[in-house]
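Shared chain: subunit A. Partners: subunit B in the first complex, subunit C in the second.
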Partner chain A sequence: MNATHTRIRLALVVLVLATAALPLFVSDFNIERVAAEVLMLSILAMSFIFLTSLVGMVSLAQTAIAAAAGYSVAYGTAVRHWPVALTIVVAMLFGCAVGAAFGLVATRTSGIYFLVITLAMGLVVNKFALQNRGITNGSTGINSVRGPNVAGLNLDNGFHRFYVLLFVAIVVYAGLQAISRSHFGSTLVAIRDNPTRMRSLGYAVQLHRVAAFLIAAFIASISGIFGVWFRGRIDPTSASLSQAINLLVICVLGGLNRLEGAFVGAAVFVLLRTYASDVTDRFNTLIGLALLVVALLAPNGISGVARRVAEIERNRRNDRNSRLSTPVS
Partner chain B sequence: MTRTWPHRLSTKHRLPRALIIASSVVMMTALLGACSSSKPKDTVPVETPAAVAETIPAAADTTAAPAAETIAAAAAAPANGAELKVGVITILEGPFTVLGQDGVRGIEQAIAEVGGNVAGRPIKTIIESSNAAPDSAVAAARKLVEQEKVDVVIGPLSGDEGIAVKDYAKSHPEVTFVNGTSGAADTTAINPAPNFFRFSTDGAQWQAGLGDYAYATKGFKKVVTIGEDYSFPYSQVAGFAIGFCRAGGAISNRIWTPIGTPDFSSIVTQIPKDVDAIYVALGGGDAINFLNAYNAAGGTKPIIGGSITVDQSVLSAEGAIVDQIIGTVSAGPIADNNPDQRWKDFVAAYQKQFGAKGFPSPSLFAHGYYVNTKALLKGIEAVKGDLSDKEVGLQAALSKLTFDTPTGKVSLDANRNAVADIFVTEVVKNADGTLSNKVVSVTTQVDQKLGLSEADYNAIGSFGHDNPKCGN
Partner chain C sequence: MNRFLEVTTNGLTLAAFYFLVAVGFSLIFGLLRVVNLAHGAMYLLGGYIGFSVNERTGNFALAAIGAGVFVAITGVAAHHLLLRRVQGQELREAVVTIALGVIVGDQLLAYYGGEVRAVLPPRWLRGAVSLGEIHIAKYGLLLTGLACLVGIALWWMIRFTRLGIVIRSGIDDREMVGALGINVPLVFAVVFALGSFMIGAVGWFGAPRFATGPGLDGVRMLDALTVVVIGGLGSLPGAAVGAVVVALAGEYGLVYVSNYAPLVTLGVLIIVLASRPQGLLGRRERLA
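Our next item is the complex of A and B:
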């Protein structure tokens, strides 16, 4: 097991280095637009996968929370011209506040009810943005939002943004891994598996769920803020049903049981969406087919396939090493 | 994250899984096969791919004979210039797909007229699809400019898309953008981009003359307006309101509905009893759904239509709404039955080039993309195909371009927005029972200010739910 862990860590380090070195191999567009979008969506997808796998809550409100934070940035930057630090703080606070409000209500339910209620909450954000033209400028959205200069980094510059996103994605990934290994994480898993028992053991089940939802909202807000800088604008479609479904597609493609799935799913999705149209005019069909095939053949997503391949390999090696005992896992 | 999926790989599962894999591969191949074989049937050859680059001359076999001759001549003479890469943003997914496809036909027709070459440079079009959301249009523009490195961009199609793409254009002053059919007034009226040109007039201009005609000729004194809740209908209602209110009319209330409303029955109940007519700025499916709901509710008030309300899909509708729409007045940049010879020639060339694959008559979208492409090609001709000066020369040439289109003379104002003729039409029943739009009045050389002084127009600001006010 330890050897495998070391190998996985090594693989992760190699992957990160390879991503950091991407600008040496691919065009500017692929860095500034494709890779940056993959990282941005990965962060959002990680918040979704964290909730789904660790807490067992499938939240369709993540894109809407990201949009809420994004709208704050756009409003603060392009409409009110607030200072950068204030804008970012307000956006993070607003994203988390929306998340907390949603969490307090939604965590009272579970399963399919949770999914539906978060979906409805997401659409509330969408309709609010559409109809409150004074703040959000309706369906036209807020244009001309330029990324700020933060600590010598120009977030309006595609390359700077790419490296900042890479760094943030790694931090979020490491943070969520740490949470999942912590006592808090174990408690969340236990609540997921048997909430009644945890309640009778004296745990504040509801509070833990809200806290987890808040963590996910925090991460979604980060992604939402970068999303606005990335697109230079925001409109209500960023909180629409189709965006929520896109995020679900990304997570199912990548695999709902592992954080790494977020990166795999986002990469496949963004590449398909950007380049499938070069091959066929039925590019939406292609994305749908990819989802169908993954759902059919690899219930654990693409990252699940990689894991399974490693598992089979290990089983075979164990078989060779000792033909006496049957491998357990 | 440590949760493992309940089932393990075992011999018991291997056989069915292999079967599943095999069957899904077969299914996928079959589906893909079906997709590719169905492709040529429902789309025009040149426009088929969403983003596949194609050199237009290849498809020009079907074009008019004179055009074919030009192509032959161009092929004989060695091309003395490098390929001109033209990026196109149009909508090829979702409910607006048929409109986007007609826009592409407009571009093809303009390019076929010059034989696929401009100033000795063969034209290569690269088409990117958007989905009516501004974000998607900007993403398409980015891919064209930053990845495909196109020389010029034509598009987009829808209102909010235009505002967003104009904003993006500012970050690439070295690339020239000409509009497709996007009709939001704000695109050029508020913070215009120096490299974004609109030769197709805006949604407010498209209503020029309609307000006066409705008030004076039709005798409507008070109306209610219904429009989809985004920038293009805002412009349409504004264009109508400016004329109608100036003539003395009143607007009781303005109802805004989301795009793609399936059921208008609750909206129909909001229509006041005391209005003389209903002004409807809805497009496509929304227009039909509204008319059906209104008719089902027993409504009989006359309809005044926006520019895309009474289009071919509504005119060819069947059932009870047919009687309802006879006599409907509307206004727009084109009129199907325009008696002008230039328009007749344009329609004939369109029909010859696209045949059954196109609409019976070019839509507003084919016309808008055609006019903008035509202007762009004339600009490039004027600078002899030389775009090496960061397109400064081309943009200067476009700014002062005046030319003749199938719908009359077009020139630009200081904000690079078109000044052109607008047609007021009325739905009439033909001898054979079909419906068509008859031209009842032409407003010549309408500018963006709609007859207001610069100060008055600017005082209105961005068109919205209650802006401009009625009666000031």
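Our next item is the complex of A and C:
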């Protein structure tokens, strides 16, 4: 088991290094637009998968929480001209506050009701942004938001942004892994599997759920802030139903029960969307078919398939090494 | 006061429409436990098929039947070939129906194009009826009548027919019904066909009042979901109550809150879900 862990860790390091070296091999467009968006969506997808895998809650509010944080950044930067640090702090606080409010109400429900209530909450953000003039500027949204320039890093520069995003994505991944391995993480899994028993054991079930939701909101806010810097603007569609569905698609494609799925799903989604248009106009049909195939044949997503293949490979090797096995003719 | 009455009557005709949109969704969930997130796409499919039939035959009623039958066949085929394979796994079922909805919506866009289509109701249903100072659109009255008819017919079917008995017992204990020698897959197919037929036909009946176009699938999906979740998933009276609540909240919001009207309905939904997660008339799920 230890050898496997070492190998997985090694694979991760190689993968990170390969990603960091990407600019050597692919075009500027692929780095500044495609790879950066993959990383940004991966962070958002990790907040989603964290909730599905550890807490068993499918939240369709993650895009809306990201949008809430994004709106704060856009408002602070382009309208109020606040200092960078203040803008970021306000955006993170606002994203988390929205997340906490949503979480307090939504965690009282479960299953399909949780999905519906988070969807409704997400749409509240969408409709509010659409109707409000003073702060969110209606359907136009807030435009020409410049990325900050801190410590020699210019977030308006595509390459700087790519590396910052890569770093943040790794930190988020490591952080969420650490949380899921911690006592708190085990408690969440136990609550997911048997809330009644955990309640009678004296655990504050509701509080744990809200805390998990808050962590996910924190991660979503990070992604939302980068989203505004990435696009330079934000409008109500960022909290729309189709965005929420897109995130669900990414996570289902990648695999809902492992954090790595976030990266796989985001990469597949963004690459398809960017390059499928050369082949077909029907991107949605393509995505729908992919989703259908994954849902029917690979419930753990593409990352689940990869894992399964690796397992089969390992079993075969073990069989070959084991003296008990009979050679297959 | 007159304005209030007019808003209320308008809201009630809208409620009738919402009930028609939501009832198939609720019926399918009640028995099959499938949250059919392709419901909105089926509405849109019905609307477009209705246009095609109407163009060729010029018959309004025939268009509704054609739309219903087409959607019913599509729905049953999708259920039999795809949905059945992931039966009982809530999230996978939801994902399969989302995927189907996305594909149908995109193919409709490809086939029928992006422009919004409108149709006039039959000649005898145009204009309004006046009761004193209140004016009600005749077409709204037709929808109300239709909703009452469908509601009563479904209630009668569920209450008094053999199929209804099977459906009711199926909601309570699916395995037991199967063990008693009833062909459960067949009953499932019948219920799915019935629900699909209704949403397909309603897709066409909605066309004269709300123009049909891309994106309407998402709107109707949300309508059905809001109505049914407020009223209680799988409950027939719940769908009626939910429809009235959603429609009146929307109409009053439009008149008295104007700008933030969409937030009123969502607010009601959140309050109901937070205080009574099973919906106003829903039954509390057994803890599995």
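Note that in this section the second predicted complex is superposed on the first by the 322 of 329 C-alpha atoms of A that agree within 3 Å, B and C clash if a C-alpha of one lies under 4 Å from a C-alpha of the other, contacts with A are read in each partner's own complex, and residues count from 1 in each chain.
Here, contacts are C-beta pairs under 8 Å (C-beta built on N, C-alpha and C of every residue); 3 or more make two chains touch, one makes a residue touch a chain.
Quantities reported herein were computed from a predicted structural model and do not represent experimental measurements.
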Scan A:117 for contacts with subunit B and subunit C and give back first, second, both or neither. second
Just subunit B (first), just subunit C (second), both, or neither: which does A:108 touch? second
Examine A:245 and indicate which partner it touches, taking first as subunit B and second as subunit C; both and neither are also allowed. second
In the overlay, answer first, second, both or neither for which of subunit B and subunit C A:285 touches. both
For A:231 in the superposed arrangement: first (subunit B), second (subunit C), both or neither? first
First, second, both or neither for A:296, with subunit B first and subunit C second: both
Go through the superposed model and pick first if A:274 touches only subunit B, second if only subunit C, both, or neither. first
Have a look at where A:128 lands relative to subunit B and subunit C in the superposition and call it first, second, both or neither. second
Please report the subunit A residues shared by its interface with subunit B and its interface with subunit C. 130-131, 281-285, 289, 292, 296, 299
In the complex with subunit A, residue positions of subunit C that touch it: 35, 82, 85-86, 89-92, 94-96, 98-103, 105-107, 109-110, 218, 222, 225-226, 229, 233, 259-260, 262-263, 266-267, 269-270, 273-274, 277-278, 285, 287
For a test of understanding, state which residues of subunit A touch subunit C in their complex under the given definition. 58, 105, 108-109, 111-113, 115-117, 119-121, 123-124, 127-128, 130-131, 196, 241-242, 245, 248-249, 252, 256, 281-285, 287-289, 291-292, 294-296, 299
Name, in rising order, each residue of subunit B that touches subunit A in their complex. 1-5, 9, 17, 20-21, 24, 28, 31-32, 35-36, 39, 43, 48-52, 92-93, 128-129, 133-136, 138-139, 142-143, 146-147, 160, 163-164, 167-168, 171, 184, 186, 191, 229-231, 258, 464-465
Quick check: in the complex, which residue numbers of subunit A touch subunit B? 27-30, 32-33, 53-54, 130-131, 133, 138-141, 143-144, 177, 180, 189, 231-233, 235, 237-238, 257-259, 274, 277-285, 289, 292-293, 296-297, 299-300, 304, 308, 311-312
